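Input: structures, listed below.
Here come two complexes built around subunit A, the first alongside subunit B, the second alongside subunit C.
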Partner chain A sequence: MAVKKDYMDQKLAEKLRDRKYYAPDSNPEFLKEVEKIGQTPAHMCYQCGTCTGSCPSAPRSSYRIRLFMRKAVLGLEEEALTDPDLWLCTTCYSCTDRCPRDLAPTDTIMAMRNLAFRRDIVPRNFLQTVQLIYKSGHGVPNNDANRAARKRLGLDEEPETTHKYPEYLPGIQKILDHYRLKENADRILAEGE
Partner chain B sequence: MSGNNHQYAFFLGCIAPNRYPGIEAAAIATSKNVGIDLLPLKGASCCPAPGAFGSIDLNVWYAMAARNIVLAEQMGMDIALVCNGCYKSIWEVNHKLKHNAELREGVNEVLKEIDMEYKGTIDVWHLAELYYDPEIVGVKKLADSVKRPLTGAKVGVHYGCHLMKPRKERHFGNTESPMWMEELVAALGAEPVQYRNKMQCCGAGGGVRGYDITHALDITNEKLINMEEAGVDAVTEVCPFCQLQFDRGQLEIKEKFGVEHGIPVLHFNELLGLAQGMSPDELALDLHAIDVEPFLKKIL
Partner chain C sequence: MAEVKNKEARIGVFVCHCGTNIAGTIDIEAVKEYAKTIPNVVVADNYAYMCSTPGQNKIADAIKEHNLTGVVVAACTPRLHEPTFRNATAAGGLNPFRFEMANIRDQNSWVHMHQPVEATEKAKDAVRIAVAKASLLEDLVPKSVPVEKTAMVVGGGVGGMQAALDLADAGIKTYLVEKSPTIGGRMSQLDKTFPTLDCSQCILTPKMVDVYRNENIELLTYTEVEAVEGYIGNFDVTLRKKARGVLTPKEAEARGIVGGGCTGCGDCANVCPVIKPNPFELGMAPRKAIYIYHPQVSPLIYTVDFDACVKCGLCVEACGEKKAVDLEAKDEFITVKVGTAILALGYDIFPIEKKFEFGYKNFDNVITSLEFERLICASGPTGGHLVRPSDGETPKRIAFVLCAGSRDNTDTGKPYCSRFCCMYSLKHAHQIIEKIPGAVPYIFYMDIRSFGKMYEEFYYRIQNEGAKFIRGRVANITEDPVTKNLHVNAEDTLLGRPVDLEVDMVVLAAAIQPSAETEKTRRLFGVSCSQDGWLLEAHPKLNPCGTTTAGVYLAGACQGPKDIPDTVAQAEGAASAASIPIHKGEVELEPYFAQCIEEKCAGCGMCVYQCPYQALSLVEKNGRTVMQVTEAKCKGCGTCGGFCPGGAIWMQHFASPQIIAQIDAFLLGGEQ
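Our next item is the complex of A and B:
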């Protein structure tokens, strides 16, 4: 962040230089990216803390949604994207409903997660869901016990989805391949092994 | 099939058909009794899970949800569904695509590769809101469909998150202390019970159940403690993922925290099924992790 204003008095300016906000880690593009993906103007946040106070994850972890909002504004990309707390948001939208600035902190978190994923920073369970959907169309696929129960209920063993009509699977796979999602999921999971 | 019935394409999602098929069976049967026909939406997939997919790439989430919506557009029918997670994906993506031309163009570019086009010709509804809507069903008609009132049963309502929130994008109004689902529960003859922090999340969403299950269960446990304090005989919800978290979650909570609650968890359609006279077998209630028997004894 370039310093635009300075004191006329050179000695005073010199004295204060190190005390002005300057973070070599800061990337102002980060805020722009987060706002673009999250579609909410995170820079309007005035740090009141209503979000953290509404958050079900806050009382049981070090996850602080207000902190992430600040990191977005300060462009602290590395800090935000590498923080394991990023993945503790349950996306309940309580903070969003209560934000006095009409922001969507939840969507700010989602945007940061999207950006983290672009750097291969992502918990394994997210990638496993991708693999399941690629294979079956379902994040939670059918199984034999369930098939038996469905039969008992007078339902077809396979629901009227991609399970019963696998001819729809190639279309789904094409969409996922368009974004190279399966390929990336496979690669990141393999690297983690 | 009656000619006067409202018809919808039934979007199943994953957990209802593949873990709690009683919800699917109940939704079809109970809706028919109040004048709604749910027709198969052939070839639908996972919505896809908003927490899992939205977190890693929102564009994929939009495109995958759009594909499901287009299937219903091709039928010329609105979608009805039974899951808050699916509602977030299907309703919200439909809403965004209708109002954001840039997004729509991007999605259609991808859909073109599979000879599909999103047109924005249908609407998406949660069955619970259709039951509450007097122009479709309404509380009175719902009450009239009851053959076996759930008299004497105290039922706590878990609204879940993704049906009503974020409030400003949705159309349900108050998300701090809503009462419309209590009206639905009362229509079945049961007594809706208020408990502390009713609107709190079940803990499972956003990929947290898969990422840190102890953290997710700790949230669930807090809700169960609050319900227990209010003396509920059962909790009802309109989200199979919340149901999974509360139902199977209670076994996991017992194992991890040594706490036992024994609170039966019933999707509203299962509850409605019981009230309309369906048997526990017809609802496959034996698939529930937490024994529903104590609740059944109260009402049968």
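Our next item is the complex of A and C:
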């Protein structure tokens, strides 16, 4: 366990916090759960960095998928699930395409997001997306700029989706209700207010 | 051949603990007590290590004390300790073939480690089955066959050359068979060798000359193995001497052309109008349709590429009175008899273009390490000036991509480490620093595996010379379409930061794989291979040169990726192993031959066609046609015995009554 020292100053105490890796920091069940949900043997990662090297998100952020693989192996549940970088994966699957160990790092990330959501750890914009999908069937609904652009291209203003056929929206809502996604999104957003 | 009378069988059962390997899972005492209840068993015992001297003495003593007719040891595998226990059986005065083994370790305690109760029951079954067979075992005598005092080495790279030289120096006539027109192999394509930085050709050519001059070596270049028959001591190997189109001085003399034959003058190539890429230079330099690979070839005899030759006859004219060129040459077949054979089949470069992300064959300035060797080599296509294929400029920033296709578990890669890429890439880094002022090598690596003698020191030296090491596997490479420069994308995993490095040239340390001919040749010699195609040694630690086919040995990279020192060491080991049967003069064959029970044989001859080894024939005996076995050819596979409609074939040591008794013992649970 990390050694605690009293610096009489909370800021200083946080700054000088013992950050060593101690065995009790690790939850081995975390790796098992991530592998069960992600359906990829994350523990076979050999940390070559092909994933991060392939990642379109990495150059512009602090998101390092390799580090999430590492945290899965070491069972660093807290660190992985509370890291806001977890939500910066675009799920482009470049890492999965190139991983020389034939792993699916993307699916490991998705598994961690599932586990984080279980603990209500999820960025607000993701939850707002859920609300938008519930409302319109789209994460990014059509807007006037798009409609104008479509018109210029000789397309109908509304695409062949729930925008044109709103009668299918209840079906989508039923699915979201079934998984209580909307309900949870509303609740978490409200709690955060 | 007479059936042993069941009633008189007296069997001793010995159960081995193998330390805790077996005893940790299986209840040894229970198995021993159970063994005592099996019919024919007169004594059962156990010991911590049956293979030890006291353990073996237990067997010998029990045979004498209890007048045993058969011995069963429940322990590991026959492959490991059958010879040990046969010796112990013989020491007790019994015929060694009256020993039978029950495998209760590899096939039981190891795989059922967590099910001790079921494992113990399975061990009892195994012992009961072994006792059933042991009760019916008979005396057998191994057959000795003389060994031909010649050997063959297939593959004329550095491994094959070393093996042939050692065999020849040990006084054994050796055929060295090489598919290409010259010996030398991969090593002759290399510029320098790590970690000593010896010039590869300089240390290799003396060996090539030694091979050519050695009186005990018959060098057969441009020759391939076509068929192999026979067995240890007596292999009949059919060779295809591919049509070379050029006569050696010897061949010319045989045709009555006095003072004729190829002298290697090269007049023919000078006039030849057909230009083809030279495979020795990996296609980066031209050769003619009549060619040698490089000036140091051995033998120095030209070769006609009949796929390219237009038969214009200019070369024949140029050759003149030497009359060496024969454009009507055809493939010839010869058969030679050898006692033992060594396979030194080498390796090929993995087709790295399969990994699209590295851009090989798509981007001009992405090359493989072997191409780098030719480009940096003074005798190579550019005279040793490393240039960019796109514009002929000298590259200054060069990225080396390690593990390109190696350590890759996807279906477009090789799961193993190719073993020498780390070291030659370090050497390449050294070479560009030495040759190109201001050049910077960037080495993208996952681990630097510098495991050999003086290798880690070499790594230290290259780091000190200024090579930049980036710890991260390359994710992908893109090309600037204008400058043809390359962007190498990776993560510097030590910084935790993505890297986009613009370089002038990329060298891929591509994985290696078994050579194209390996699969065909290994099948001819009956040698197994592992999942990835490398030839399988008899034992990975204790018999790395041998194979499971008696009389056939392995040298060099065909057994798995190997650098030059390891290849030469294994070649010397293989040569030593291959010379043993030859020096002994005879080998004992296990007496598992088929035998014809003549009174039952109808002479139908069906078995003759079934036999994969041509060991059977029909003969007249006492006015009847019966089958006859050539024991030395029979491998005891049992094809004929299982097939014979009249039950007239007796497979020694695996006879039908013995096998049926085993099946009964298993299915009937011991009730006869």
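The definition used in the following text is that the second predicted complex is superposed on the first by the 146 of 193 C-alpha atoms of A that agree within 3 Å, B and C clash if a C-alpha of one lies under 4 Å from a C-alpha of the other, contacts with A are read in each partner's own complex, and residues count from 1 in each chain.
Everything that follows uses one rule, which is that contacts are C-beta pairs under 8 Å (C-beta built on N, C-alpha and C of every residue); 3 or more make two chains touch, one makes a residue touch a chain.
Quick caveat, the model's predicted, so the values are computed rather than measured.
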item: Subunit A residues touched by each partner, larger count belonging to subunit B or subunit C; value: B
item: Partner chain in contact with A:L16 - subunit B first, subunit C second, else both or neither; value: neither
item: First, second, both or neither for A:R64, with subunit B first and subunit C second; value: second
item: Partner chain(s) touched by A:T50 [first = subunit B, second = subunit C, both, neither]; value: second
item: Contacts of A:G154 with subunit B and subunit C, given as first, second, both or neither; value: first
item: Touched partner set for A:I175, first subunit B, second subunit C, both or neither; value: first
item: First, second, both or neither for A:D102, with subunit B first and subunit C second; value: both
item: Overlap of subunit C and subunit B interfaces on subunit A (superposed complexes); value: 94, 102
item: Residue numbers on subunit A that touch subunit B, as the complex places them; value: 37, 56-57, 60-61, 87-94, 96-97, 102, 104, 106, 110-111, 113-114, 117, 122-123, 125-130, 133, 137-143, 146, 149-150, 152-155, 159-165, 167-168, 170-172, 174-176, 178-179, 181
item: Of all residues in subunit B, those that touch subunit A in their complex; value: 10, 12, 14-15, 17-19, 21-22, 24-25, 40-46, 48-60, 63-64, 67, 110-111, 113-114, 116, 161-162, 165-168, 175-176, 199-201, 203-208, 210-212, 215-216, 218-219, 222, 281-282, 284, 287
item: In the complex with subunit A, residue positions of subunit C that touch it; value: 357, 403, 407-411, 413, 446, 471-476, 489-493, 496, 498-500
item: Touching residues (chain side subunit A, partner subunit C) in the complex; value: 46-55, 58-59, 64, 66-67, 94, 98-102
